[in-house]
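Structures incoming, each one as C-alpha cells.
Below are two complexes that have subunit A in common, paired first with subunit B and then with subunit C.
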Partner chain A sequence: MAVTQRFFLAHEGPGGVAAWLSAMAETMRVMTPVREGISVVFRDHSPEAPLDFGGLDTAGPKAAVFPQTEYLLRYRAERTAPVGGHRGVKLEEVRPEGDVLLFGASPCGARGLTLMDQVLLRDGVEDPCYRIWREHALVAAIVCQAPYSSCFCNWVGGAPDDARGSDLLLAEIEDGFVVEAVTDKGLAAVRERLAVATEEQARAAAERAEAARAALPAPPDLDDCPARLNAAFDDMDFWNEAAAGCIHCGACTYACPTCTCFNITDEASGLAGERIRTWDSCMFPNYTQEAGGHNPRPTRAHRLRNRVLHKFAFHPARFGEFSCTGCGRCIRLCPMGLDIRTIIRTIEPRTATQTTESRTGRAKEAKHV
Partner chain B sequence: MADVAALRRTVLEILPRVDLVIGWQRGPDALRAAPLLMRNAADVDRLIWDRTCVHNLATFLPREKGKKVAIIVKGCDSRSVIQLVQEGLVDREDLTVIGLPCDGVVSQAKLRRAADMDRLESAEIGADHVEITAAGKTLRMALDAVMPDKCLSCAYPNALLFDRFVGDPMEPPQQRQDPYARLDAFEALPLEERFDFWKREMSRCIRCYACRNACPLCVCRDYCLAESRQPHYQSQESDVREKWFFQLIHATHLAGRCTECGECERACPMGIPVLLFKKKLGRIMTELFQYEAGLDVSATAPLLTFQAEEENIVEKQWL
Partner chain C sequence: MSPRQANFSPYVPRPATLVRKERLSDMVSLFAFEPDDGRSLAHKPGQFIMLSMYGVGEAPFSISSPPRRQSVEFEIAVRNIGTVTNALHELEVGQKVGVRGPHGTFFPVQVFMGKDTLFVAGGLGYIPLRSLLHYQLRHRDEFGRIIVLVGTRNPQERIFTDQIAELAARSDVEVYETVDVPDAGWKGNVGVITTLLPQIRSLQPDNTYVAMVGPPVMYKFVIADCQKMGIPAGNIYVSLERKMKCGLGKCGHCQINGVSACIDGPVFKYTEIQTLKEAV
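Entry: the complex of A and B
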C-alpha cells in the first residue's frame, strides 16, 4: 500500500471535480458535503447543488460506513402450506450493498474510521456489515487549511493532512486539488481519470499542509493522561464537577467519528418484523440500565467519566492509541458548552487517600439523575 | 444589565444556606457560556453574567430535586421556573430564585450565519453592537441582528418570580418582531413545500435528544416514550417518520406548558428549527384558552384541566 503518486483534480473543466464525480457516479453512489443552514451534511451528490468544502462536516463521515440504522435481518411468520401446514418463521438476512464514494470528508473524520476498525474489525470478532461497508466505501478527504478553535487533532497524534482512513487525500491549491492516492483502491479511482500532478503543484500542496500544521497551537503532553484518568476513577467530586453542565444528550457521541456503540432491537409489526442495529450513546441512562433495575452508571458524572476514560484510558490500553481524533465535534456541538479538552488537560495526578475519601464520601449520593 | 460583581455578592450571601447555586461560566470560546453549579465560594469567581448566558438553567431544577437549590434566571427563564413550580415538579420551599433584568442574549445560530465562529479570535459586545474578529476578519454587527428571535419580541425582560432581584428592573424593550413572524412566514408556504421542508430538516436529525434534554419542561427524560421498549411506542429506526413523530409528540406534551424559551432549537446540533412546532401549538393554546404558560404559579395549564363547556371549542354544534 506504499503508494505516493499524486494527481491533479482541477476545480473546473474536463479533469475537474464535477466531471470526475460524474464519472465516479456511473459505478457508485457519490456523497458530497452540502451546507444546510448552519450544518454541513453528506447528501447524495447532485451536480446542481453547490458543494461545501470550507466547513467541517457537522456529524462526520461515520454514518456512511456505520449507518445510524442497520437492518440486520427481516422475519415473517408464515404457514408452510395454505392448508394443513404449520407456522414457521422465515428469516431473510440483510447485508449492505453497493459502492459509495464519500467525497470531501475531513481528515479527522476519516481517521476515525481506522479507530472504529480497531473495535469492529478485530480478528475473531468482526462485524460483517461494517466489513462490507468499509470494503465498499471510497473515502476522499480534504486537507484542512485553517484550524477551528475547537480543533485539537495534534494532541492525539493527528494532523490537518492526516492520510489515515482515507483512500484519497486532497489538498486544495489555487486552481484545484492535488490528490494523493493513499490506498490501491484510491489509486484505481484516479489513475485512468486524472492527470499526474506537476512537481510545482505537489510542492504547493505540501506548503499548504505545512502551513495548516503550523497554525495549530503546540499540544500538551498527554503521555500520562491514561494513568491520571485511571487514578481519578473514584474521585466523584471531580466527575460531578466535570459533568455539572451536562444534560446527557447524545450529541457528542453521535457526532464523534470514533464512537461505535449500538443497540439491537426487533421492530415487529404483526407477524413480520426487522432486527435493526441503531446507534446508542453511553451518555443515555438507558445505555447501562439492567433488566433487574440496577444501573451501574446512575448519574451524569458516571456516564461522562466513562466516555472520557473510554477514549483516553481504556481504548489506549487495548489498542495503543487514543480513541479520539481531536476533531472537536463534541465541543462544537455540545448544547451546554462542555469542553473535553478541559478535562484531559486539567486532570491532576491523585494519591490513593484522595480517591478513597472521595469514594466513601460520595457513594451515598449516587442516584438516578 | 446587572453587573456581575453585584450578582456574585448575592450568590455568596445565599450560598451558605443552599446546597448549590446554578449560574453560568465562560464556555469553550469568548461567545459561548456553560452552566456553572456553584457549591463553594471559590466557584463563585467563575460566575459570569453577560449576553452569552443563553442557557435556560431551569432545565437543571428537576434533576436536582430534593436539594436546596438557588438558580439565576433571566425573564424568559423565570417563566420555566414558574411552570415547574405550578406543576409541582420542583418544590418552591427548596428553591431560591435570583432574578435578573435582561434585554437580550446573542444567538450562536445567527452569529454562525454571519461570521466564521469556528475561527473566533476575539469578541466584544457593546450596548447595541457585537464586534467579532474571526479568521482574520473583523465584523461589526448590530446586536439586534444576532439576537435570538425570542429577544426581539421579548415581553418579560425581568424575572417574574424571584426571591432576590439583582439590578434595576427594565421597561419591556420595544418589540422589533412579532413572536410568530417566523411561523407566519412558514405557514404562508404551500402545503407541499412545507412537507418537503420538514422531510429535509428532519432527515438531518441524529436522534440525540438534545432538544428533549435541554427542555426545562420535558421532565420524563430517562423514561421517555421515544426509547421505551415496553410499551413500545416508537420504532428505533432513524427514518424521517420516527424523528418527526417524536417532535410532534414532544410538542403536543408541551402544549400550554411550553414558554417558547427556544432551548430545544438552540440545543439542536444539526440546526433543525424544532421550535416552530412549539410555536404552532403555543399559538393555538393562546387562541383557544387565552392562556400563556409560565406567568402564574397558581394557574393550571389548560390541558391539565377541563371545563364542561369550553369557551372557544364548539364541540356540540349539532345541538
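Entry: the complex of A and C
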C-alpha cells in the first residue's frame, strides 16, 4: 500500500482529537489509553476522561485483537448422565463483532500485531476469531517522543516512528498531530474528516521523529544472536543463573506485544457452558505439564531459555524476524528485574572449563523448580 | 452465508457418538465412536483427534484404528489419568462427545510399502502404532516383514493382550514382548524394550523402517540401538506426544523449540528432529 498522504489532527477545536473521536464513535467502538494507577490501559473512550498519551501503554494494543478471555463456542446439552457425556449437544459458535478504533497505541505495540499475524494467520490454518478482530481493528499509533531506559526497539529493526502494524501513525507537534495514513483503511478514516497537513507541519513531525530516533543509544549487532543462543542451549549454568529470580508470574508474556500462547478451557454451569480461550504463559510450570506427569520443561531455567530462544532463535528460523519489538514491557514489568537485553547481548557459549567449575551451582539451583 | 461462515471455525468440534467401550487394563479402555454426520474422519495412521467432553474440556488422543473405507467408526484407547479422560471413562454407549481433526502428520504408508517394518511400542505407544499395524495387516501383501516389539512396565498394564496373542500366532508377523517388572505368572522376556532388539532374527537394516512410539525416556535408547544395528536414521519414524490445546499450531503448548508437535508432528522422520534439542 503506497499511501503517504499526511493529515492534521489538532489538539483542540473542530478538526481536533475530541471531534474526530466522536465522529469515529458513531460507527465503531473507540478505545483510548487511560491511566489507571501505575498502568496505562485501553478503555472505551469517554469524552470526559483525560487521555494519557504520555506513557507507554502498559500491555499494548494486543488485547483489542486477541482478548485475554474470549469465547470460542457455547454449548447446551440435552439430558446428561455423567459429567461431560450427553445424549445430544447444541453448539453455537461465537464470533467477534464490531469495528474498533484503537487510538494512541505505541508503535512497538502496534508492530507486535504484525508478528502475531505470522503465527495466528500465516502458519497453517488461520485463527478465525483473530482474523475478524484484526480486520475490524483500526490502529492509530503515536510516534514516541523520548525513549525509556527499557526501550530497545532499534535493536530489533524497530523505531519510535515504526509504522508497521498501524493504520494511522500520529506524530505530535506543537498544536496537534500530523497523521500519516499507513493503510487504505487508515486513509478512509481521515480523508473526509481531517485537513491535509501543511509542509511545515509535516516537516516538524519528521524532525520530532528524527529526534526520537537519535535519542536511542546505538544498538548492538544481533545478527549472530540466534546462533549464539542455540550454541548456549545446553549451558544450564547460564540459564539457571539467568532465571534465578523468576517467580513465574507470567507478567513478561502477558505484557508482550508478540506473545500469542493461549489455553482453552470449558466453563460449565448446569447443562450449558462455554469453551473459553484465555492467555497462557510459557513461564508457568504447568504450561507443558502433561496429564501423565511428564514435563518437558521442568524448571524455570528451561522455561526462560524457551522464552528467550523462541523470540530470538526459533521464531526467526520459521518466520525470518525476531519475535520481539524491543518495547521493553517485559523489563519494565518484571517484579524481579530480569532483563532480556542482558541475555541476548551477552550470551556466549561457555568453555568446558567454565562449565565444570560451576557445576555445583547447577545442582543447587536445579532444586528450585 | 459467506464461504468463511460456512466453515468458520476449526475450533468447533463435530458431534460423535460412543458406540463401543472395552476395558483393556485397570486404567486403559478402548472407545469406538461414530461421527453423527456420517462422514469418516478419513485419517491416516499416526494422526490424532481433539476430543471434547463438554463442560470438562478437550484433549488430544491418537487414533488407534486403521483407516477404513467401509466404516466411519474410529477408535481411541485412553488411560484414565486426568479430568477429561476421567469423564471419558464414565461415558456410556450412546452418549455424545465432540471431535476435531484428524490433526497432524502421519506414518508415510507408501514409503513403508515393500519394506520390512519394525514396530517399537513402549507402554501406551501401542495405541497409535496399532493404526499403522492394522493397516499393514489389512494390506499384508504390500509390505515385507512385520516385526512388533511390545514393552510394558508390568504384566498388569499390558493392553490389547488378545490381539497381540493373535498376532503372535500368525506366521507372517513376528512379535516380541517384554515387561520391565514381571509378576509370578509372567513367562516371557524381562527387561526394557531394547533387550528385544538383539532377538530379532536376520534383520536387514537397509530394508527396515522403524515406527516407534513410547514414553519419553524410551526414544533415545531405542534410536541409538537401531542405528547400531545399521538401520539408517532416515528409516526411523517416531511420534512425539506433548501437551496440546488447539491442535492447530497456534496455542504454543506442544512446541519443541521451533517445532509444533501438533502440525509439524506428531510423526517425524528421525532425521527431521535429530538436531532438535529436547525432542527425544
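As a convention for this text, the second predicted complex is superposed on the first by the 338 of 369 C-alpha atoms of A that agree within 3 Å, B and C clash if a C-alpha of one lies under 4 Å from a C-alpha of the other, contacts with A are read in each partner's own complex, and residues count from 1 in each chain.
In this section, contacts are C-beta pairs under 8 Å (C-beta built on N, C-alpha and C of every residue); 3 or more make two chains touch, one makes a residue touch a chain.
Treat the numbers as computed from the prediction; the structure is a model and nothing was measured.
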| item | value |
| --- | --- |
| Subunit C versus subunit B on the shared subunit A, clash or fit after superposition | fit |
| Touching partner for A:Pro128 - first (subunit B), second (subunit C), both, neither | second |
| Contacts of A:Arg87 with subunit B and subunit C, given as first, second, both or neither | second |
| Touching partner for A:Thr69 - first (subunit B), second (subunit C), both, neither | first |
| Touching partner for A:Asp57 - first (subunit B), second (subunit C), both, neither | neither |
| Contacts of A:Ala291 with subunit B and subunit C, given as first, second, both or neither | second |
| Which superposed partner A:Asn263 touches (first subunit B, second subunit C, both, neither) | both |
| Partner chain(s) touched by A:Glu172 [first = subunit B, second = subunit C, both, neither] | neither |
| Partner chain in contact with A:Arg318 - subunit B first, subunit C second, else both or neither | second |
| Touched partner set for A:Arg332, first subunit B, second subunit C, both or neither | first |
| Minimum Cα separation, subunit C to subunit B, after superposition on A (Å) | 6 |
| Footprint overlap on subunit A, comparing subunit B with subunit C | 263, 265 |
| Subunit C - residues contacting subunit A, complex | 4, 8-13, 15, 18, 52-59, 79, 81-82, 84-85, 87-88, 90-92, 94-98, 215-216, 241-243, 245-246, 248-253, 255-258, 263, 277-278 |
| In the complex with subunit C, residue positions of subunit A that touch it | 72-73, 75, 77, 81-89, 91, 93, 95, 119-120, 123-125, 127-129, 233-234, 260-266, 268, 273, 275, 277, 280, 282, 287-292, 294, 296, 306, 309-310, 313-315, 317-318 |
| Of subunit B, residues touching subunit A in the complex | 27-29, 32-37, 55, 59, 63-64, 109, 112-113, 118-120, 135, 200, 204, 206-210, 212-214, 221-222, 227, 229, 235-239, 263, 266-271 |
| Interface residues, subunit A side, partner subunit B - complex | 36-39, 41, 55-56, 58-59, 67-69, 146-150, 241, 244-245, 247-251, 253-255, 263, 265, 267, 276, 278-279, 281, 284-286, 331-339, 368-369 |
